[in-house]
Structures are given as structure tokens and as C-alpha cells.
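Each of the next two complexes has chain A plus one other chain: chain B in the first, chain C in the second.
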Partner chain A sequence: MTTEAIITMTDIQKKFKGFQLDIPFLQIPKGFATALIGENGAGKSTLLNILAGIRLDYKGNISFFDGEKDEYKIRENIGYTSSTNYFLPHWTIKAVGEASELLFDQFHMERFRKLCTDLGLDGESKKISNLSDGMRMKTELAAVFARDTRALLLDEPASPLDPLMRDRLCTMIREYLDEGNGEKSVLFSTHNIADMENVTDYAIIMEQGKVVEEGFVEDLKEKYVLVKGENADEAAAKPLLIGFTKSNYGYEGLCLSENLDKFAGMDIATEAPTLSQISVAIMKQYTQLRG
Partner chain B sequence: MAGKLKQGEYLPSIRGLAKELRISVITTMKAYEELERQGLVTAVQGKGYYVNAQDSEMLREQHLRKMEEHLSNAISAARIGGISNQELIQILEMLLEADN
Partner chain C sequence: MKQYIKSYHLFLTRWWFRGIIYLVYPALLLLLAGFLGNKVTEFTWISYEKAQSYRLVLLELLCSFIVSVEIFCDYFIFGGIATKETNKLEYLKTSVKGIPLLTKALITDGMRHLLSIAIIIGFGSLLLTTALSPLDCLLIIIFVFGLVEAGLIVTRHFSTLLIQYITLSVITFFLPASITLLLQKTIAFTIWLPLLLAIIIPFLGRWLILKKARNSYYDNRPENSL
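The block that comes next holds the complex of A and B.
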């Protein structure tokens, strides 16, 4: 499938003590919802902060919207939500709306008020510091969805939300993509991929500062097969599998579809993997977690 | 095929359908591409997908294949369960009766 990119990154590098973000080339497809998946500390937030312009101390090149150079146009067209405290703690919800109105030309106060009501953020005078993490995320979401933008960068939007609100967030993302009719794109990070699976079009899996796998979800589901088999074949099967696990009842792992014929003669069952299963198996390969 | 959409009518937009069905955009895209591959719809650049004129011969062929597949499944289930051919045929007749 040929798609245009909304963001193109080349040679992005950022070093911290004991961690290095290293992205030779990465594109975010236009008109889709892209999930940035990875363990805690994989570099998801660092990358999103760089993209959002919060972190400027990096090396490399980023191009937005077909090489748009006008910084005002880039800022005006991107909505960003942070996973940490973004708004000043003593601000009220009302102040968040007023500040957004000042900062962005395409901010609609009416839409912000309606979103606040719809998301159960009653009481505009409530202080940010008195809100729960979930309420704070809702405030951030209301502030970006109240703007006319072409791209959203959402850092762990689902994590602080309850299951109902996660479902609502998926709906909001789908509506946003539908409105854009192929022109609007969403990039969000998550480690709760199961909750966001049915809104994810493109997946980027990161481990230790590197992109270890990426692709359209439907393509990844064809690239990999979930294999289950008998423990008697463990020795032969293990080298062929990613994210190998076993129990008393047999083993399970992910295999490249092209390697499936190497299981000839073994008693196996195959299934199409879910995005969560693909992500977990790939992450297991690279993780520094032991045991 | 159930005739909900007439020949020449446009399918809902990919992102519109994804929103309605609460599934990802790429999934609806894949489904539309599959329909196109089967020759049931045609893609028009920038306008979407419309329903092709239906070839009844092809439709029959497709459904025959589907039917054979399901019947093969029924036969293998019967083998595993030790159910005789006669019983299997009886069940099929009974189901046909009930459907009438």
C-alpha cells in the first residue's frame, strides 16, 4: 500500500545516561491512527516530546506536512497531550480553555465547553491540582479536540482513563479521522495495546530507543503467525519462534509466516495473532526484563 | 450480495464505516480491497467504491465453493463424533425441512 506521510523523521538521535534514542528513518502515515508501542523507558515519550517541540536538544531532522516550513502553521495544526502534568496546577479548567483560546487561532470555546460537559468535567472552576489523573487527561483531550488540527500527538492518552472513557477516546479518534477524510492523522503512544487495538491502523514497536518493528496492522498480522504445539517438539520449535513460552500443556510463540514450512512434521496449531500478541512477543525479544 | 446496496451505488466511506462499526480504518480498507479483488466492487480514485453489476454465474460459483467447504467441515465433525453417513444426511434433510 502506498501512503503519504504526515511526519518524516531522519537520523533522530538523543542521548541520556544509559539510554540512546536512535531513529535512522521513520514516517507517520497520513490519514491513519498510528500506535507507538513499547515498554516503559523504550523512548516513546522522548520521541513524542521531540515531535511536539517540547524537547529541542536532539540531533536530526523532522519534516511535517510535506515539508511545511512555517512554524506557526505547524504548531496551529498539531494537537498534543502529555502524560505528565501539562497544565499549571493552580489553573482551573476554565483557565485552560482561556489559555488555549489565546494560544491557538483555531480553538473553539463552544466546542471546548461541550466536550467538557460530554466528558463529565463539570465545574469549570475546579483546579487542575484537585483533579484526578483521569480528569486531567480528559481536560487535555477536550483542549486539543476543541481545535481544528491536522494531526494529534497523544502521549499515553488511555493509561489514566477508565474502560468506558478509553472506549470513548477510540470513538473520538475514529470521528477525527473520518472528519479529515484521509487528511487528518493521529499518533498515540500506549503500553495498553489491547484497549486501543481496534482503533490502531499502523503500529510502531519501540525497544530501548530503537524502532524494532513497524507496519500496517493487517500486514503485520499476515507477516506473523501464532504457533502452538506439543512440548515434545520444543527443541526444534524454539529457535523458530519469537516470544517463546511454554506450560505443561505445550508451547506457544510467534513465527514469521515465511518460516511456517519449517514446522513440517511437527504437530502444531496456528492462529492469526492479535496486535497485542505480536507486540508482546517482539518486545520480549528485546526486553531487559529477566525471568 | 444480500442486495442491500444496488448496482452502481457507492459503499460508505472507509473512515465513515470504521467509525460506524467501531473498528480501525485499516480493517475496513482491507475488507474493501478484498471485495474489489473478488470483483464485487470497483474503486474510483478520490470517490470511493461502487457496487459492480452482479454476474449471477460467478455468484453461484462462489456460493457453491462456500457450501462445499461447510459441508466438508460437517463431514469431518461427523467422522470425529462417529456419526454415520446416514445420520448426517438425515440431519441435513431435517434442517432443510425446518428452513422451509
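The block that comes next holds the complex of A and C.
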């Protein structure tokens, strides 16, 4: 599938405290929801910070919105939420709205108020520092969705949210994309792959500062196949599998569809993997975790 | 101007705190000045000179209160804004208007200090019926403003209240003697130094905070930064 890109990154490099982000080329497809997946310290937040313009010490080129050069237009069209300290701690929900009005020309106070009500953020005078992590994330989401933007960069939006709100977040992302008629895009990092899978069109899997796999979810599900077999074939099957796991009932792992014929003669069952299974298997290949 | 005030109010969010800063604290200090001024007048029959020196001491006390309140309240406005944890400003940094907004807020804060100090010392000296000339009064206003701004340079670089207390202790310890020395005008620099400090220090304070905010875009200090 060929698609236009909303963001194109070339030769992105950033070194920081024993960590190196190294991305030779990466495009975020236009009009889709892209999930950035990877274990802690893989470089997801660093990449999002660079794209959001709050980290500037990197090498390489980033092109936004078909080569737009005007910094004001770029920042005005990007909504970003962070998983760390984002608002000033003594701000209230009301102050977030007032700040957004001053900071962004395309911010709509009425929409913000409605979103706050819809998301259960009662009490405009509540201090941000007194809110739970989930409520703080809801405030961030209300602030970015109350703006007219062309791209959303959401850093771990699902992590602090309850399952119901995660479902709501998926709906909000889908509605945002539908409103854009192919012009709006969302890039979000997540550890909650299963919860966010139904909204994910494209997936980028990162490990140790590098992109190790990427593609449309449907293509990835065709590229890989989940193989399950009996323990008797373990030795023969293990070298062919990614993310090999074993239990009393047998083994399972991911295999490239093109390699499926190598299992000839083994008693196996195959099924289409979920995005979560694909991600975990690939992450296992590159992780530095022991055991 | 509206933009400047709106920007400032993003840091001074609570309406009741605005009330304290804009009205309650200046009004209380002026009431105190009026009350103490009256009390001293009751004792002027002892000696006119002594009463005048009491009035000056009371004005110095008023100045100490101003410095204390301004530096203490700043903890709840720009507290620790120049500390390393400037990632608190992430939302501001996602907009091109973020740093200009911070600049406007800091300028408004400086103007508010100057105005509050001028009103309290100006009217306070009238209520205390000191025999200060307008020039002396102006010198004290400028000197106290410079001191407040100097104290804020220190306290805004730390996110702990302990630093506020230490800074306040140091400033209030030297303040009365400094004002007395200032008013004697025996040394030329006692006139020019406060003026100079009141001009340089606010700019220096703002420059340091904005430099920190700009550098917070970088994990590693940029090569071309000062």
C-alpha cells in the first residue's frame, strides 16, 4: 500500500546518557492512526518529544505537512500530550483552558469545556497537582482535542486511563481521523497494545533507539503467522520462530509466513497473530532483558 | 497590555491569591503604617528628632515587610521556575508563543512589584509622616525594588521554601542599615548603586530564567548557548 506521509524523518540521531536514537528513515502515514510500540527506554518518548518540538538537540531532518517550513504553522497544527510533567502544577483545569487560548490560535474554549464535561472533569477550579494521573491525562486530551490540528502526538495516552476511558480514547481518535477525511493523522506511543489495537492502522516497533519493524497492521498480520505445536517438535521449530514460548501443552511463536513451509512434517496449528503478539515477539528478539 | 496581564495570570491563577497580591497585602501594610504613624505622633512631645528617627525605623520595617511578602508570595507564582525541572513548562514549549508568554508574565510581574512597592512606600511614608523628601522616597522605592528582584533571582533557582527563608533573613538583616546609609547620601555610590541595581537586576533575573527555559529544549547544553 502506498500512502502519503504527514511526517518524514531522515537520518535522525540523538545521543543522551548512554542512549542513542538512530532512525535512518521513517514516515508517519497521513490519514491514519500510528502506534509507536516498544519497551521502556526504546526511544518512543524521545522521538515524540523531537516531533513535538520540545527537544531540539538532534541531528537529521524532519519534514512536516508536505514540507511546511513555517514553525508557527507546524506547531499550531500539532497537538501533543505528554506522560510526564506537562502543565504547571499550580494550574487549575480552568487555567489550562486560558493558557491554551493564549498559546494556540485554533483553540476553542467551548469545545474544551464540553470535552471536560464529557470526560468527567468536573470542577474547573481543581488544581492539576491534585488530579490523579488519569484525570490529568483527560485534561491533556481535552486540551488537544479542543484545537483544530492536523496531527496529534500522544505519548502513552492509554497508560493512566481506565478500560472504559481507553475505549473512549479509541473512539475519539477514530472520530478525529474521520473528521479529517484523510488529512488528519495520529501518532501515539503505547504499552497497552491490545486495548489500542482496534484503532491502530499502522504500527512502528522500536527497540533500543531503532525502528525494528513497521507496517500497516493488516500487512504485518499477513507477514507473520502464529505457530503452535507440540513439545516433541520443539528443537526443530525453535530456530524458525520469533518470540518462542513453551508450556506444558506445547510451544508457540511467530514465524514469517514465507517460512511456513519449513514446518513441513511437524504437527502444527497456525492462526493470524494479534498486533500484541507480533509486537511482543519482535520486542523479545531485540530486548536486553535477561531470562 | 491585556495579553501581558493574561499571561501573568497564568502563573497567578487563584482569584483569592490575586486579591491578596493586588489588594489585601498593600492595604494591610498601609493600615499598619497609618496605625504606627498615629502611635508615634502620640509621643512626639518627647522629642521631635526622636519621633522622626522612630518614623524612619518604622518605614524600614515596612520595607522589610514588603520584601518578605514579595519574596514569599513569589514561591506560589514563579517558585522554582529556573530550576532544572523546567520540563514543567512542556505545554508552553509546544507552542511558538510559549516563551514569549513567559517573557510577558515576567515583565508584568516586575511591573507589579514596582507599582506595589511605590504605592506602599509612597503612601506609607505619608502615613508615617516621615520627613523624607520625594527624592529620598524615590531612592528607597528603587532600592527596595532592586532588593526584591535580587532576592527573586536566588529563590527562583531553587524549588524549596528553605531558600526563601534564608534569602529573606539575609536581606531583612541588612535592609535597615542599608536604607539609613542610603539616606545619608554621604557616599556618592549610595545614590547611583540602587538606581543601577534596580535597572540591571530585573533584566538579569528575566534573562537568566528565559535562558534556562530556552536551554530546557536541549538535554545537552547547546554549543552556542551563553
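Methods note: the second predicted complex is superposed on the first by the 291 of 291 C-alpha atoms of A that agree within 3 Å, B and C clash if a C-alpha of one lies under 4 Å from a C-alpha of the other, contacts with A are read in each partner's own complex, and residues count from 1 in each chain.
Throughout what follows, a contact is a pair of C-beta atoms (placed from the backbone, for glycine too) under 8 Å apart; a residue touches a chain by one contact, two chains touch by 3 or more.
Note that the coordinates shown come from a computational prediction; the quantities given were computed from them, not determined experimentally.
Contacts of A:Asn181 after superposition: chain B is touched, whereas chain C is not reached. In the superposed pair of complexes, A:Tyr202 makes contact with chain B only, with no contact to chain C. In the superposition on chain A, A:Leu88 makes contact with chain C only, not with chain B. For chain A, the partner that touches more of its residues is C, with chain B and chain C as the two candidates.
When the two complexes are overlaid on their common chain A, residue A:Asp57 makes contact with chain C while staying clear of chain B.
Of the two partner chains, neither chain B nor chain C is touched by A:Tyr286.
Considering their complex, residues 13, 15-16, 18-19, 22-27, 29-30 of chain B touch chain A.
The residues of chain A lying in touch with chain B in their complex are 31-33, 170-171, 174-175, 177-178, 180-182, 197-202, 216-218.
Those residues of chain A whose C-beta lies close enough to touch chain C in the complex are 14, 16-17, 52-57, 71-72, 75-76, 78, 80, 82, 84-92, 94-96, 98-99, 102-104, 143. Every residue of chain C that touches chain A in the complex is listed here, in rising order: 3, 6-7, 9-11, 13-14, 76, 85, 87-98, 101, 217-220, 222.
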